[in-house]
Amino acid sequence: MWSDHLEYKVRAITTSLDYYEVRGIVWSDHTLKESFIMRIALFATCIVDAMYPETAKSTVKILERLGHEVIFPKAQACCGQMHMNSGYMPEALPVVENHINAFDTEDYDVAVAPSGSCVASVKHQHPFLAERLGKPELKERAVAVGKRTYELSQLLVDVLGITNAAEQLGSYFPQTITYHPSCHGMRSLKLGDRQLDLLKTVGGITVNELPEADQCCGFGGTFSIKNSDVSTAMLEDKMKNICSTGASACAGGDASCLMHIGGGLSRTGAKPRTLHLADILASTMEETVSL
Amino acid sequence: MSAKDEILGRIRSALADAPVAQEVPREYRKTSDMGEAELIDLLVDRLVDYKAGVDVIDAAQIPEYVAAKLAGASSVVYPHGLDTGWLSGLGEKVEQRIDAPGARLSIAELDETSAVVTSSAVSVAESGTIILDGEPNQGRRAISLVPDHHVCIVPISSIVRLLPEAMPRLAITRPQTWISGPSATSDIELERVEGVHGPRTLDVLMVRGL
Amino acid sequence: MTQVFLGMPAGGQGNLFETEPFPKAAHRELGNTQMRKNLRHATHTIRDKRLNVVGELPDWEELRDAGSAIKNLTMANLEERLEEFEKNFTARGGIVHWARDADEANKIVTELVKATGSKEVVKVKSMATQEIGLNEHLETEGIEAFETDLAELIVQLGNDKPSHILVPAIHKNRTEVRDIFLKEMPVVDPNLTDEPAKLAEAARKHLRKKFLSAKVAISGANFALADTGTLGVVESEGNGRMCLTLPETLITVMGIEKVLPHWEDIEVFMQLLPRSSTGERMNPYTSLWTGVSEDDGPQNVHIVLLDNGRTRALADRFGRTALNCIRCSACMNVCPVYERTGGHAYGSTYPGPIGAILSPLLTGIEVEENGSLPYASSLCGACYDACPVKINIPEILVHLRGEDVDANRDKHKLPTQMDLLMKGGSWALGKGKNLGLLEKALPLGRLMSGKEKKIKKLPGIAAGWTASRDIPAPPNKSFRDWWSDEKESK
């Protein structure tokens, strides 16, 4: 199965070997980029699909620029984390099943989502829900889908070998930004500095360090509604730190956190806005994203 | 049903799903090949960080150093198994009190004693921990607790780097006290300050040739 | 207060209950700016310290793996380990008592103290006795309990409640501590400054006589070693050593989950615990004792093994690892919610992330307001990262939310707004088709957001969001539709 090879390849990269095997052929870093076309299934995530379609388009652009084929499994809707995180497990089940049905196919090599928390949900919460509701078969399928699902920066760095966004993706964004690493990407997926490193290599960009960057922005799904006061207190500190950097935008890898932070900044009338990593990477000299 | 039977019964029913636990992976460091000079440096560094006094000396210098540390003391207690030669440098002004089986000092007497001199069983350099396990040269726990000043002899041969290396050297059936610096607290604003109920001064003599 | 369910071990009693919903308590505590300043300062100090000393150990992750596995193994064989401990502790002259719940433990301790004829006891900080409300119980029996740990002393003198498991007075700053000492200590230097060293000295003077004359001490224990029958207390100030060494009688109250299989196991936990809790390479003092030692320390040595809901937590397949907790407090020190609300908002003896799972696991999710505790988290995962025994707190929080929702399903006749939202969401997000259908309404939302292109006020529970955040105007077309139009039609 392709996915098995792929897993091997990814392991090879993370253990920093400089070759890997896909479809029975040993590839060097270079040959992969030049001659291996992957079929990548985009998991847009519900919030990006409905509220931030540009971010999904940006993701498609970046991957197509690298010569890969992007597909969009139409049966997809949502990872179900809002339901699970709110405790509505039986209600989450159809959502999770739908996702697994949509992505448990041989139709693609890897799936990608421009969201750390949705990928974390697919990888960790789906098997957990299946286990909790006593569905071993579903769990097995969930694990298989999870293994093939990547967060955008993970795919770009670990699988596609991107180390310089300006050179390899043509990314250009002449603005001063700061960067908030969302919790699930940082902790659940252990993304490390992948997103930040990509941003730093965008042409024309200035990245100012965000104080207390690792602190949660206070979103937490329905936490922001159920515990609105605490959530707001966390948001206030995050906004203060963002404003202190003098950046005109705060970048991140999760549309939901960005909507939260952006919603707060908009309400207080603060200058910085929020922008998804994918939109910055997709921005080029010819087609520069404006703020 | 007795409380014991009931609790054990509850445990049995709680574990009715028979969870299987994986074997314990013990991949952490269990041995080290750190040389003596480095061990000394490391332990000194840790103890100084804890605000303990530290001197690295030869066995022959013990009487001189013990005397110097106890310069202001009016009395000192020592366990019956201690090498009394170590106290031979003390002047007349320092009253020496032995604590021995059958001839124990009372708590009040210990409270009036300015200092204590003991040896130690093993020390862990990485964490700056000196372990007393109640050998006759360390005595019972009260004597190294009530006096406000503890002079502790650490034979350099008894220093290990890692805690797992110390474990086999300890006698577990006797009460143990692990000491990492003088008494301290972090209870006010989570900042460490030294000197609460245990001895407020800890002087460590790390001795070669013991 | 306790409800008993068939087939489910009894829930815990005592100080394990939230008395009002967390959001309400949090709202009040958030308004206490002094407390918030104190907490922010303290938690940020300890975070840096912890990271430094943890970073020093090249095998930190291996230690965590071992610690977590030792705990899991112990819990899977808890009955055997407890029997083994009892056998060895008894063989060395100690006496073992078993207590089903808080009441029973309080009664046992009271009897033991009364048998000595003493009217007062000195205490080493212990979460278990805090949990069962031992001091209050002893007081009703005419026995005075003196807390000897500095922070506990501050709380006791100030007639306050602990707000942290390691530093119960973390919500007070040095000046507030000084003021409490000046007001409440019978003998105190009126010129006492707020220098921490001076405050520590005042505590020393205040307690010295008590230590030297106490006949009975009560302690908790950080661990019990089954194969040797040994107990251990980890501390800093020497108040623990005083209590464990000088009195004639020593009574230890310990939760049954604190047992460890082997003597060697402490080589793991004594590396994990100090670095995680006070951010020190090692705590100043650790005492280990095995039953009675002739001629050294108390000759009358007891232990009360406490259930109080622990078996109930053990019965929860997805929650039982909460019992692996070694009470280091790292999870609360890194928690952004705890940092802002403080410990009192959690009601129970156990605050912060571990409290948000442990309290409802011990009592059952359906009692009092404990059902609101698992929601007191943004699920940011900082606690899981910090936990030295790798308790997956976020996952257990989510699991317990599920338990809470299910428990409430049967209670309410009418579905709540959240129920309806989730039901609707389940339909809308359960099929790509359905979501696509719903997305056809996006232009309508765009219209509603007006000229400013933002939504500033929503009704119902969503008002919690728009109280402090706008929602951007939705796009005219979803990505799904764009894909159909642009990619598929070509």
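Should a chain be cited, it is by its letter among A, B and C, assigned in written order, with residues numbered from 1 in that chain.
Quick note on the criterion: contacts are C-beta pairs under 8 Å (C-beta built on N, C-alpha and C of every residue); 3 or more make two chains touch, one makes a residue touch a chain.
Since we're looking at a predicted model, the values are computed, not measured.
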item	value
Chain-level touch network, classified as line, ring, star, complete or other	line
Central subunit by CA centre of mass proxy	C
Inter-centroid spacing, chain C versus chain B (mean Cα positions, whole Å)	30
Gap in Å, rounded to a whole number, between the CA centres of chain B and chain A	52
Residue numbers of chain A (touch at least two other chains)	none
Residue numbers of chain C (touch at least two other chains)	none
Chain B partner contacts - residues on chain C that touch it in the complex	7, 9-10, 38, 41-43, 45-46, 49, 58-59, 62-63, 65-66, 69-70, 72-73, 75-79, 82-83, 92, 97-100, 104, 148-151, 154, 167, 169-170, 173-174, 177, 196-197, 199-201, 203-204, 207-208, 211-212, 225, 228, 230, 236-239, 241-242, 244-246, 256, 263-264, 266-268, 270-271, 274, 278, 280-290, 293, 295-297, 305, 307, 311-312, 314-315, 317, 320
Residues of chain C touching chain A in the complex	22-23, 26-27, 30, 318, 336-337, 340-341, 374-382, 384-385, 395, 398-406, 418-419, 422-423, 425-426, 428-436, 438-439, 442, 454, 456, 461-462, 464-465, 467-472, 474-475, 477-480, 482-483, 487
Complex interface listing, chain B residues touching chain C	2-4, 6-8, 10-15, 17, 19-29, 46, 49-50, 101, 104, 107-108, 111, 124, 126-129, 134, 140-142, 145-146, 163-164, 166-167, 172-199
Chain A residues within the chain C interface of the complex	44, 46, 48-54, 56-57, 72-78, 80, 82-89, 91-92, 94-95, 97-98, 102, 124-125, 128, 132, 183-184, 187-188, 214-216, 218-235, 259-260, 262-264, 266-267
